[in-house]
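Next up: the structures, one after another.
Presented sequentially are two complexes of subunit A, the first with subunit B as partner and the second with subunit C.
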Partner chain A sequence: MAELIKVTIDGKEIRVPYDTPLIEACRQAGARVPTLCYNENIRAYGVCRICMVEANEGRRTRLVASCAYPVRREITVQTNTDRLRRNRAMLINLQLARCPDEKVLHELAAEFGVKEAHPRLTRDHEDCILCGLCVRTCAEVVGASAIAFEGRGSQRRVVSPFDDENPACIACGACAFVCPTQCIKFFDENGKRHVERWHRVADMLVCEKCGNYWLPDAVAQTYARKMGLDPASFAVCTNCR
Partner chain B sequence: MPFDPQKVDAMLARYGGDKSALIQLLQDMQAEYRYLPREALEYLGEKLNVPLATIYHVATFYKAFSLQAKGRHCLSVCMGTACHVRGAPMILDTAARELDLAPDTTAKDGSFTLETVNCLGSCALGPLVVVDGEYHGHMNNAKIRKDVAAMKKQEGK
Partner chain C sequence: MNETGYGIFAARMLPKDEPFVQGHRACQGCIPALMLRQITKAIGRDLIVCSATGCMEIISSPYPFNAWGVPWIHVAFENAAAVASGVEEGIEVLRRKGRFYTGRKPAVLALGGDGGTMDIGLQALSGALERGTDFVYVCYDNEAYMNTGIQRSSGTPMGASTSTSPAGRVSTGQVTWKKNLAEIGVAHNIPYVATACPSYPFDLMAKVKKAVEVKGPALLHVFAPCPTGWRCDANSGIKLGRLAVESGLFPLFEVVDGQHKISLDPATMRKSSQDPIGEIAGYLFQQGRFRHLKGRDELIQAIQERVRLEWQKLKAKTER
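Take a look at the complex of A and B:
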């Protein structure tokens, strides 16, 4: 068995395997670490910085993004100090200036005592916080890589290539599922699935038994290929099986 | 210029079809077409086995790449800090007036592009403009007019 490393979180001692993400260790110890861009099934990206904790590995205390920080030696962590709360408040402030209407941000703002975005910041009315979860899910989990970041700096946004329909998109809706602000929406209508943000309109399969449309064709094909299933096994919907 | 798969194949052969050469390939393509045609990017993605979204991400990230056709002649005015304090805004104004073009646009007939760049890393030469890839330093209004006139002459205007 791999060696276990001692981690002290808010005074509570636990042992975790080498390379465990610090955020997972914190959660195991029962600490609440807020985050916007982390999902345990996707490689850490460390971009929202809200999961910052104070970490001490013996010499000095530093702020680290706990999602992207692997535990490799004994470490002492604080997850809710004044310094952290101030830093998180500042980050939420900036996010609020970009997206003043997002529920997740308002919840975090309430938690960290941010009333509204700083008056000196100009407000955009974006719904996307650029956490990149959709892009990473599409590439890492779905394997389609149908969407990507465009541009950089203040011009950065998530789009399908050329802001046009991309046949590589299988219309699975995984991007909508992981999005923390729920700004990606899809609906099924007349045998087509529409993912509006990516301009995607995909054909759906009809269930042989009940005759309802139930799954985008491309999803069935992708899963049949990935899992070595017979495409015919998608002929009947999950309700009729 | 129409998109020609054979030309892209020749570029690909130069790098042995290696996907890590994506940026070099895009640079070659930009040099060939003066922009990155959509069909060419789609073709490149197929050949390199790189998702189109990834290529699009790279192509839109760097200012050296353009998805819109650039003019046959290109004038880039450096607006970096050093050039700015030495009068780059005035140079840009003059160039815009002489070319009758707004900054960061291309003439409708595809003749000229006037663009701004944020720093070319040759601050000692400021104010700096790049005329069709050639660096012209220590610019003033007289010199920029001369450069624009030379470009117009090449275009037969």
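Take a look at the complex of A and C:
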């Protein structure tokens, strides 16, 4: 990857490797590009559209979702024009109508001058903004694919199969960690890990030496399988080894 | 919600960017350096750091090198909090005049060791907390002045042998109790005080993020094992942090607007009903600085009682 491509971001020139996501180039140049659905560790999904920027590759200027736009040619980018602010404000308006109580949305709303959702939009009180980070993390990083989208349009939501407990879920908590609205919660109680949203109640392993619960059983099984370890090596916790 | 429960898959979702870079000169197994990595990952590059003299300043900036990928200023031992106040005021003034390069306000982080915070920098810290400066003060507590050669500080725990409280035939090491920094912060009525430990990285990072988001001063007391000064194996720092937390020696809690909340209650990790608070022998005897306590049961018992008492006091505060 010796080839570096010139990118001009808000008048600042930087050089980035071929296929760098445009959002990363913008951040390297010190521009703030807000996003709700992008995480550098998984494939871009381009669903929230809040990260859009004005890109010009020579002929005309277009709005592109910078997370799903790999840099392949010389490109000039604006990240904070009036047109962008208008478009972002509209998107936040729609999101706010769906989830009027979410802190991340209110922060963005304040930044882009949205007071509240448009009065003609009916308000739902969802806590999930459908960014899909949990679904993609579960599939790509954990490899469990325990949750998925269901339904279309306004009925769309993230569920475990049949909205019931799924033994494929290893209760690792990665979905809760990536969730921008923190609507996925888990807690450990009496040797069980409860992931409420997916109705998952998973057993915790007990350390043979100190008797502490230290890891969900299914997580230990997954580590062992992925790393070719003996599952028995998780019988003793890391404090007692 | 317990941030302590996340595992390796959550860790893979962290940013790859490293504002505190490798190649610095920390000892093997340095936990404060690990803490800096976690803190800078949590905050990102919108950050200005004011570092008091101490281990983390020495190891990150041997002339002419620097391990910081963010604006960083080294100040004297006693005034990290005062300089952070100045930086914060400076940003405010430049923003008001419209001369700050972005509209955003970067996080201001003051960094001090236990000596630079609890002994030398305490009045500057108290002043900054009292003025209501919008900044985060992180005290990385490795329980002695490590970079000058392990002298005792007011963060050194009872019984620890250091070069100025050496254990021998007459002395049993440090003869005073550890200063309770978090409660000093709480007494200033600031919006956010928390204790954390790099052995629980997601808990630490969540607390750092909260501390940055809070308007007004925030104080973080981070328990950071130092294998060199504690005379233990370089690979045991993380484990010692966990043992200290799980025995109640260093409870993890946060105080939001005066409301105490325990982040990790060791009793909930137990299968049996036996109380884990006060089980400090496993923690003590992995460290050379407590080696002389073997056979001195009355002192160990005194430490145990103190740990239980402090835990009960903390519990009482959460229930209020």
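To be clear about the criterion, the second predicted complex is superposed on the first by the 236 of 241 C-alpha atoms of A that agree within 3 Å, B and C clash if a C-alpha of one lies under 4 Å from a C-alpha of the other, contacts with A are read in each partner's own complex, and residues count from 1 in each chain.
Rule of thumb we're sticking to: a contact is a pair of C-beta atoms (placed from the backbone, for glycine too) under 8 Å apart; a residue touches a chain by one contact, two chains touch by 3 or more.
Bear in mind the structure is a predicted one, so any value in this text is a computation, not a measurement.
**Student:** Is A:Pro161 in contact with subunit B, with subunit C, with both, or with neither (first, second, both, neither)?
**Tutor:** first
**Student:** So, does A:Ala146 touch the first partner subunit B, the second partner subunit C, both, or neither?
**Tutor:** A:Ala146 contacts subunit B only, not subunit C.
**Student:** Taking the superposition as given, does A:Glu126 touch the first partner, subunit B, the second, subunit C, both, or neither?
**Tutor:** In the superposed model, A:Glu126 contacts neither subunit B nor subunit C.
**Student:** One more residue to check, A:Phe187. First (subunit B), second (subunit C), both or neither?
**Tutor:** Touch partner of A:Phe187: subunit C, not subunit B.
**Student:** Of the two partners subunit B and subunit C, which one touches more residues belonging to subunit A?
**Tutor:** Touching more residues of subunit A than the other partner does is C.
**Student:** Note which residues of subunit A are touching subunit C in the complex, please.
**Tutor:** Counting only subunit A, the residues touching subunit C are 30, 32, 39-42, 137, 141-142, 172-174, 176-178, 182, 185-189, 191, 193, 206, 211-215, 219, 223, 238-239.
**Student:** Touching residues of subunit C toward subunit A in the complex: what are they?
**Tutor:** 1-2, 5-10, 12-16, 102, 104, 202, 239, 242-243, 246, 268-272, 274, 276, 282
**Student:** Can you list the subunit B residues touching subunit A in their complex?
**Tutor:** Touching subunit A from subunit B are residues 38, 41, 51-57, 60-61, 67.
**Student:** What residues on subunit A touch subunit B, complex-wise?
**Tutor:** The contact residues of subunit A facing subunit B are 135, 138-139, 144-152, 159-162, 166, 168.
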